[in-house]
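Structure, as C-alpha cells:
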Amino acid sequence: MKTKDFKKVVLKYKAVFFDAYGVLKNYKGLIPGIENTFQFLIDNGIDYYILTNDASRSPEQLADTYRSRGITAVTTERIISSGMLAREYLQYKIKHGTVVYLGTKNSAHYIESSGLTTLSVEDANLEELDHVRAMVFLDDEGFVWNNDINKVINILRHKNMSVIVANTDISYPVNKHEIAIAIGGLADLVEEIIGKVFIRFGKPDAQMFMYAYEQVLAKSPMRKDEILMVGDTLKTDIIGGNKFGLDTALVLTGNTIPDQASMKIASSGIIPTHICESVVIN
Amino acid sequence: MKTKDFKKVVLKYKAVFFDAYGVLKNYKGLIPGIENTFQFLIDNGIDYYILTNDASRSPEQLADTYRSRGITAVTTERIISSGMLAREYLQYKIKHGTVVYLGTKNSAHYIESSGLTTLSVEDANLEELDHVRAMVFLDDEGFVWNNDINKVINILRHKNMSVIVANTDISYPVNKHEIAIAIGGLADLVEEIIGKVFIRFGKPDAQMFMYAYEQVLAKSPMRKDEILMVGDTLKTDIIGGNKFGLDTALVLTGNTIPDQASMKIASSGIIPTHICESVVIN
Amino acid sequence: MKTKDFKKVVLKYKAVFFDAYGVLKNYKGLIPGIENTFQFLIDNGIDYYILTNDASRSPEQLADTYRSRGITAVTTERIISSGMLAREYLQYKIKHGTVVYLGTKNSAHYIESSGLTTLSVEDANLEELDHVRAMVFLDDEGFVWNNDINKVINILRHKNMSVIVANTDISYPVNKHEIAIAIGGLADLVEEIIGKVFIRFGKPDAQMFMYAYEQVLAKSPMRKDEILMVGDTLKTDIIGGNKFGLDTALVLTGNTIPDQASMKIASSGIIPTHICESVVIN
Amino acid sequence: MKTKDFKKVVLKYKAVFFDAYGVLKNYKGLIPGIENTFQFLIDNGIDYYILTNDASRSPEQLADTYRSRGITAVTTERIISSGMLAREYLQYKIKHGTVVYLGTKNSAHYIESSGLTTLSVEDANLEELDHVRAMVFLDDEGFVWNNDINKVINILRHKNMSVIVANTDISYPVNKHEIAIAIGGLADLVEEIIGKVFIRFGKPDAQMFMYAYEQVLAKSPMRKDEILMVGDTLKTDIIGGNKFGLDTALVLTGNTIPDQASMKIASSGIIPTHICESVVIN
C-alpha cells in the first residue's frame, strides 16, 4: 500500500482536525517529533483542532497533558472533546435540577460547569428521584461496576429521564497489549437491558465535526473540503470526517496497523482521501 | 395525557421546524386548516422550515405539492430534504465521474444537480465500473427489486466505493392501513449482506438539523432552544431535535396515536418538551 | 383477555415443562399452593421437568431450595439447567486442560464435574494461557466487574479459544421493583467489544428443550405436541417451546403482567397455545 | 496453515455430516472425485448425511441432482434440509387451515406435504385472512419482490400469526463472482420493519443437527463426538457443529478461502477440530 508524505498532504488544506490517541499520542506518551508538526502548521498558517472522544477530563486538563510534555501549541481552546458536546446538551435541555452520573468526581466537571447539581450514582437514592432530571455516562472509572451499573438500570426503570453518553467509544487501549471497556461500552450494556434510546456524543457523529467547523469559521471562511480530518480509526475518524464533507487522512500509528489497512478499507468500504505513515514532519 | 395548545406553545419560539408527513399532511393529503398555522407564524414573525426524510423528489417538486393545494407559504427554500444533504456530500466528496443509483429517474435529480453523471443500477455493467465513484440509494421505486438489489450487492463486491443512503426511513405509510418499505430499509438489507458501512442522511441525524439551523441563523441570530422541532415520530423527529439542543413538540396526527403516546415515551425514554394534538391553529 | 384454567389445560398433556422463576417462584419465594399442582400432576400420571436458565447453582442445590420449602416433588433429576448444557458441551469438546470462568466458586461446579481444571479469571495470568482451553461465563456474582471483565477481554485477545455462556438471560429480578444484569448480559458486552462469536446455552435455544424431551422419552414415548411448556416470558419460554414443536402456556405471575399480555403477544408475534392466570391448582 | 488429509481424519469417526454447497458441490456442479469419498465411507462403514439450508426444493429433488450426475450414494433419506424442519414445525403447531408463503410453487411442496392449504402471497387478500394460520418464507424466487415483500408486511400487520423462515441463510453464490440474497435475508428485512420475532430453521441452529443425530442413532448408537460435521462456513456449519457437541472439519473449497482461513478463525473465535483442503479422497 502506497502512503503519502503528511507534509505534502497537509499543505493543500486551510485547517486540520486531529484525533488525539493513535495520532498525536499512544500508550507510551506523545509521538516523538509531534512538536515539529504543530510548528509547521503555524508557520504555514494552517489552523488546527484536536477532536477527542473523551469526557473523563476537562479541555483544560487535556491541554495540560500536552503542555507538561513541552507542546505549547495545543492550548485549551484547541481541544474539542465529546464531553463538551454533552455539556452543551445539558445547557440547552436541562436548565436546572440534579443530574446523576457514572464516572469520576473529576469527570463531573462537565456537568457542574453547566450550573447543574451533580449526584454520583453511588450517592443517589432510588426513593428520591423527583429532583433528578437526567443521567450522564462520563467515565468508566470512579465507581464500583457491580453495584452502580445495576443501580443505574433501576434508576432508569423508576423514573423516565434523558440519558446522555458523553463518549461513544466502547473500548480504549491501556498499553501495547491490553484494552479496557470505555464508558460507551457500559452504556451499550445498560441500553440493551433497559430498552431505551440514549443520546450519544462523539465521533463519528456529525455534531463533533460541526462544533470544530464553527470554531475555524469564526476565524476564517473555508469550505468543508478545505479541511483535513486526520485519524487512526476508520469507523470513527474517517467515516465521520467523510460524512461531514471533510477530506480525510488515515495514519498508521494507532488502531489501524500497516499490514491490515488495505484489508480494513476494502472490507468496511470506508475510504480515506489519503493514507500517511504518521503525522510526524521532519 | 394532557396536551397543550399548539398556538400557545409556538408563541414562545423564534423559529419552528416541521416534519412533513404526519404533521402537515397524511395519507388523505394536507391536514385541514394547516394554512392558518402558517399565516399565524408569518403574522407573529416566527420563522419556519420543513425537514423531511425524502430523496424521491426535489425541493421544487415537494413545494409544488403544497402550492397546488393552496399553501403558498411553503416555498422551495423552506424545504430541507435528506436528498439535499446527500447532494451536498457528493459535491464535497465526489468531484467528478459517475454515480450509480437505485431510484426513479426523477430522484436522480439530486445527483445530476451536483454535476455528476448518473447511471441507474439497471444500466450499470459489472465489467465496467472503473469510472463509477459512488453508489446512492434514493428511492424504493423505479427499479425491479429482484434484479437490481442483487446487482447492487455485486457492484459493491466488485469495486470498493462510498455508499450513500439519501433517506434513513425504513418504511412509510401508503394509506390508512398499509405501509411500504422505504429505500432506507432496502439499504439496511444490502448493508447486512455486504458487511460494509454506509453513509446515511436524514433525521434523527444532526446534519439535518444543522442544515436548517444555518438557514435560520443566516436571517436572524437565535439560540438552539429558541427553536421548536415539531414531529409525529419519537425515534426520528423528537430524539433528533432533543439531541441537537432544540425544544421539541410531539403531535398526535401521525405515527404516534393518542392512546399509545404515554407508553411510547415511557418505554423509549425519548421525552418531548411538549405534546400537542396537532399543529392546527383555529 | 380470556384466560383458561390451568387444571383443565394440563389434563390434555402427557408431560409439562415448567420455567422456574415467575412460574413456580418469585421474589417472595415459592408461589403459594404450588404443592397442589405437583400432586395433581403425579395423581394424573403427567410427567414434569423444570427448565431453568441458571448456571449459578447445581441441580442438587436448585432442588434443595424446593425441598427446604416443602416441595419434595422437585428432585434433582427433575431439573434441567442451562449450566448442565454448558457442562455437556465441555465434556464433548474440551477433553482436558484448564477452563477459565467468570462466576462464583460454587458455579464452577459445572466445570469441575466435567473433569476439567477450573481457574477463576481473577487468578488467571495473561502470560500463562498455554494450558487454557476455553472460557465460560457462569454467574454475575463472585468477581469484581471493574477488573475481571476487562481481564476476560484481554485473555480472549491474547489467545483464541471457545467461549461458552452458560445462561442466555441478560437480566433477572432481585425484588419486586429491581432487576440486575445477568451473566448473559455481561457476555453480550464482552462479545461486542471483542467481536468474536460466543456459544450460548439456555432457553429459547432448542438444545434446552431437546435435553428435556430426551428425559421424558426415556420413560414413555410421546409426540412433541403432547408436551406443554409453561412460562412467564414470551421471548424465551414461549417462542422456544413453539419452535421446538411443543404446545405452550403463558402464565401471568411473572414477567408478563395481565395488563400487557395481549399487547405483548400482538407486538411480538409470539403466540402461546394457552394463557393461564397461574399454574396453581386448587 | 497446516491442513490434514480428509481420508485420515474421517476414519476416526462413526458418522459424517456434510454441508452441500462449498463442500460437495460449487457453482460449476459437483466437486470432481466426490464419488470416491462416498465409496470410501461405505467401504469403511461410516454413516453419512447431507445437512443443507435449503427450502427451495424437496429432498427428493435435491437427491435427483446428485443421482443425475452419477452419485447414487446420496439418496433422498440421506438429505436433511431446513425445509424439512419447517415442515415438521407446521405438522406439530398448525394442524389445519391455510399457510401463506413466499417462494416458488415448487417450494410450497414442504407445506402441502403437511396437509395444509397453501396460498402464495400474490394470491392472498388482505381482507380475507381469517383462515390464514401462518406465514412461511421458503425461497427468494417465484414472486415479484416490489409487490409481495410489501404485501407480506401488511398481511402481518393485519393479522397476528406465526412466521416461519425455512432457511437461515442471507445470501448464496450464483457463480464464481456473484452472490444473491437468500430468503433468510428477505425475512430479516421484513422482521426489522414489522418488529416481530420470526422462527428460523437451518444451521447453525441445534435443531438441524438434532434431526440428523436422531437418524444415525436409529441405526447405531454413537456419542456426539464420534460424528464429524464437515463444512465450508465457520458461522453456520462449524459453530453449529461445535455447539451441538460434534467434532468439526473446515474445508477450503467454498466460502472460506485458504488465504483467509487462519484470519477468519482468529477473528471469529470459531475453531474447527480439523482443517482439510477438501473432502476429496483419492
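Per-chain numbering from 1; labels A, B, C and D assigned in written order.
Assume contacts are C-beta pairs under 8 Å (C-beta built on N, C-alpha and C of every residue); 3 or more make two chains touch, one makes a residue touch a chain.
Keep in mind that what you see is a predicted model, and the values were worked out from it rather than measured.
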Query raised in the report: Starting at chain A, what is the smallest number of hops through touching chains needed to reach chain C?
Result: 1
**Report entry** Partner chains that chain A and chain B have in common
**Finding:** none
Report summary line: Of all chains, the one whose CA centroid lies most distant from that of chain D is A
Query raised in the report: Taking all residue numbers at the chain B to chain D contact, is the shared part over half or under half, that is, same or different?
Result: same
Report task. State, to the nearest whole Å, the distance from the C-alpha centre of chain C to the C-alpha centre of chain D. Result -> 28
Report summary line: So, in whole Å, the Cα centroid of chain B is separated from that of chain C by 44
**Report entry** Inter-centroid spacing, chain D versus chain B (mean Cα positions, whole Å)
**Finding:** 40
**Report entry** In chain A, residues with contacts to at least two other chains
**Finding:** none
Query raised in the report: Taking touching chains as linked, do they make an open path (line), a single closed cycle (ring), a hub with spokes (star), an all-linked set (complete), or other?
Result: ring
Requested in this report: Sort out which chains touch which and give me every pair.
Outcome: A-B, A-C, B-D, C-D
Report summary line: In their shared complex, chain A is touched by residues of chain C numbered 126, 144-146, 149-150, 153-154, 157-158, 170-171, 177-181, 185-186, 188-189, 192-193
Report task. Give every residue of chain B touching chain A within the complex, in rising order. Result -> 88-89, 92-93, 156, 160-163, 194-199, 205-207, 210, 223-225, 235, 239, 242-246, 265-271
